[in-house]
Amino acid sequence: MTVELETGLPSVRQIQTLIREEQEVELKLTTGDLLAGKIRWQDPYCISLTDQYDQPTIVWRQAIVYLKPRL
Amino acid sequence: MTVELETGLPSVRQIQTLIREEQEVELKLTTGDLLAGKIRWQDPYCISLTDQYDQPTIVWRQAIVYLKPRL
Amino acid sequence: MTVELETGLPSVRQIQTLIREEQEVELKLTTGDLLAGKIRWQDPYCISLTDQYDQPTIVWRQAIVYLKPRL
Amino acid sequence: MTVELETGLPSVRQIQTLIREEQEVELKLTTGDLLAGKIRWQDPYCISLTDQYDQPTIVWRQAIVYLKPRL
Amino acid sequence: MTVELETGLPSVRQIQTLIREEQEVELKLTTGDLLAGKIRWQDPYCISLTDQYDQPTIVWRQAIVYLKPRL
Amino acid sequence: MTVELETGLPSVRQIQTLIREEQEVELKLTTGDLLAGKIRWQDPYCISLTDQYDQPTIVWRQAIVYLKPRL
């Protein structure tokens, strides 16, 4: 069984746009943490974020509460 | 495998009505956060909410506790 | 793939009875919130509760900890 | 698709034994609540507990952290 | 549909070894509780732990954060 | 049914690289705990981490919020 990103869904497509446009985002997590950075890639389980020092963080989708573009 | 919205279910249909009528709603999240806004779209994983300044927030369904129309 | 309520299960049947009898219930949620009201409908993802002012709240099943009839 | 209790599993069988023997148990829940009572039935989604006043509580399995027989 | 333990996976095999060797372990749970004891059995949903007074606790896997052998 | 690691996914491949390079990582967990160590193996349910004293901890993926390489 292979799990693939469902690229037809609005949530997946919007994240692809955020990656392409190198948009700063905020991710609110179930622990209450708020991470900021640019999304580098997404797969069915995780989203990778890099902060202003270009340090990567792999965030599990199961822990995401919401995502918003930074103004 | 494609995941689709099950448009026959009451919960999915009621959210479609809230989108069409541009009804203000409150979303209570697992972190205890309470977001307010109008729902723009839903897909099987997420619901997108825009606040009074028209800023979008993509909320993961897994993090939703309850939703109520605002009076 | 269609998800349906499994009407043969005790938990689903008891909620159907609570709906039919318009029984007041308490729902404890993962955030610690305790909601009170009457259940109007259930589907595989949500339960809808109306409070004493007849305001509806759509509660996600994933966020329910327990349900008890009010005395 | 029908979901059935897998009666061959140790966890399901031990709960059946606790029901039959009307053993008092403690259930620790994800909210930190600790419920005490006797288990009346189990299905794939829920466990029903009755307290000392014979009041029922339907507990969602997803919210159970641990179960122990009371001494 | 029958759910079976996937005995080829490292996590399942290591728990089998901990059972056979009657190794003391610590289990950290989502509530923040830390349980200590010996694992008696595992199935796809639960792990059973007995404490120093030989009292059993059935722990749901969904509530486990980490497990470590006690030194 | 056998569950296998989907080795084509970026998140799985990056963890394989972290294992091979014996890179120190930080794991943030749903309880708020932050564990540090080197990843020894991953399977579809768990990730094993060893700390500086070479003590192993089996972490359930369901409890992982994010992972970052230590600087």
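So that you can tell them apart, the chains are marked A, B, C, D, E and F in the order they are listed, and the count of residues begins at 1 in each.
In the analysis below, a residue touches a chain if its C-beta (ideal position, glycine included) is under 8 Å from a C-beta of that chain, and two chains touch if they have at least 3 such contacts.
Computed from a predicted structure; not experimentally measured.
Asks: Which chains does chain A share as contact partners with chain C?
Replies: Chains in contact with chain A as well as chain C: B.
Asks: Count how many hops through touching chains it takes, at the least, to reach chain F starting from chain B.
Replies: Graph distance in the chain contact network comes out at 2.
Asks: Same residues or different residues: which describes how chain A and chain F meet, taking over half shared numbers as same?
Replies: Chain A and chain F contact each other through largely non-matching residue numbers.
Asks: Please compute the C-alpha centroid of chain E, do the same for chain F, then give the distance between them in whole Å.
Replies: Once rounded, the distance between the two centres reads 19 Å.
Asks: Could you please state the distance in Å, as a whole number, between where the Cα atoms of chain C are centred and where those of chain F are centred?
Replies: 38
Asks: Could you say which residues in chain C touch two or more other chains, in rising order?
Replies: 30, 62
Asks: Can you list the chain C residues touching chain B in their complex?
Replies: Residues in contact with chain B: 2-3, 29-31, 33, 35, 41, 43-46, 48, 55-60, 62-63.
Asks: Note which residues of chain B are touching chain C in the complex, please.
Replies: On the chain B side, the touching residues are 6, 8-11, 14, 28, 30, 32, 61-62, 64-69, 71.
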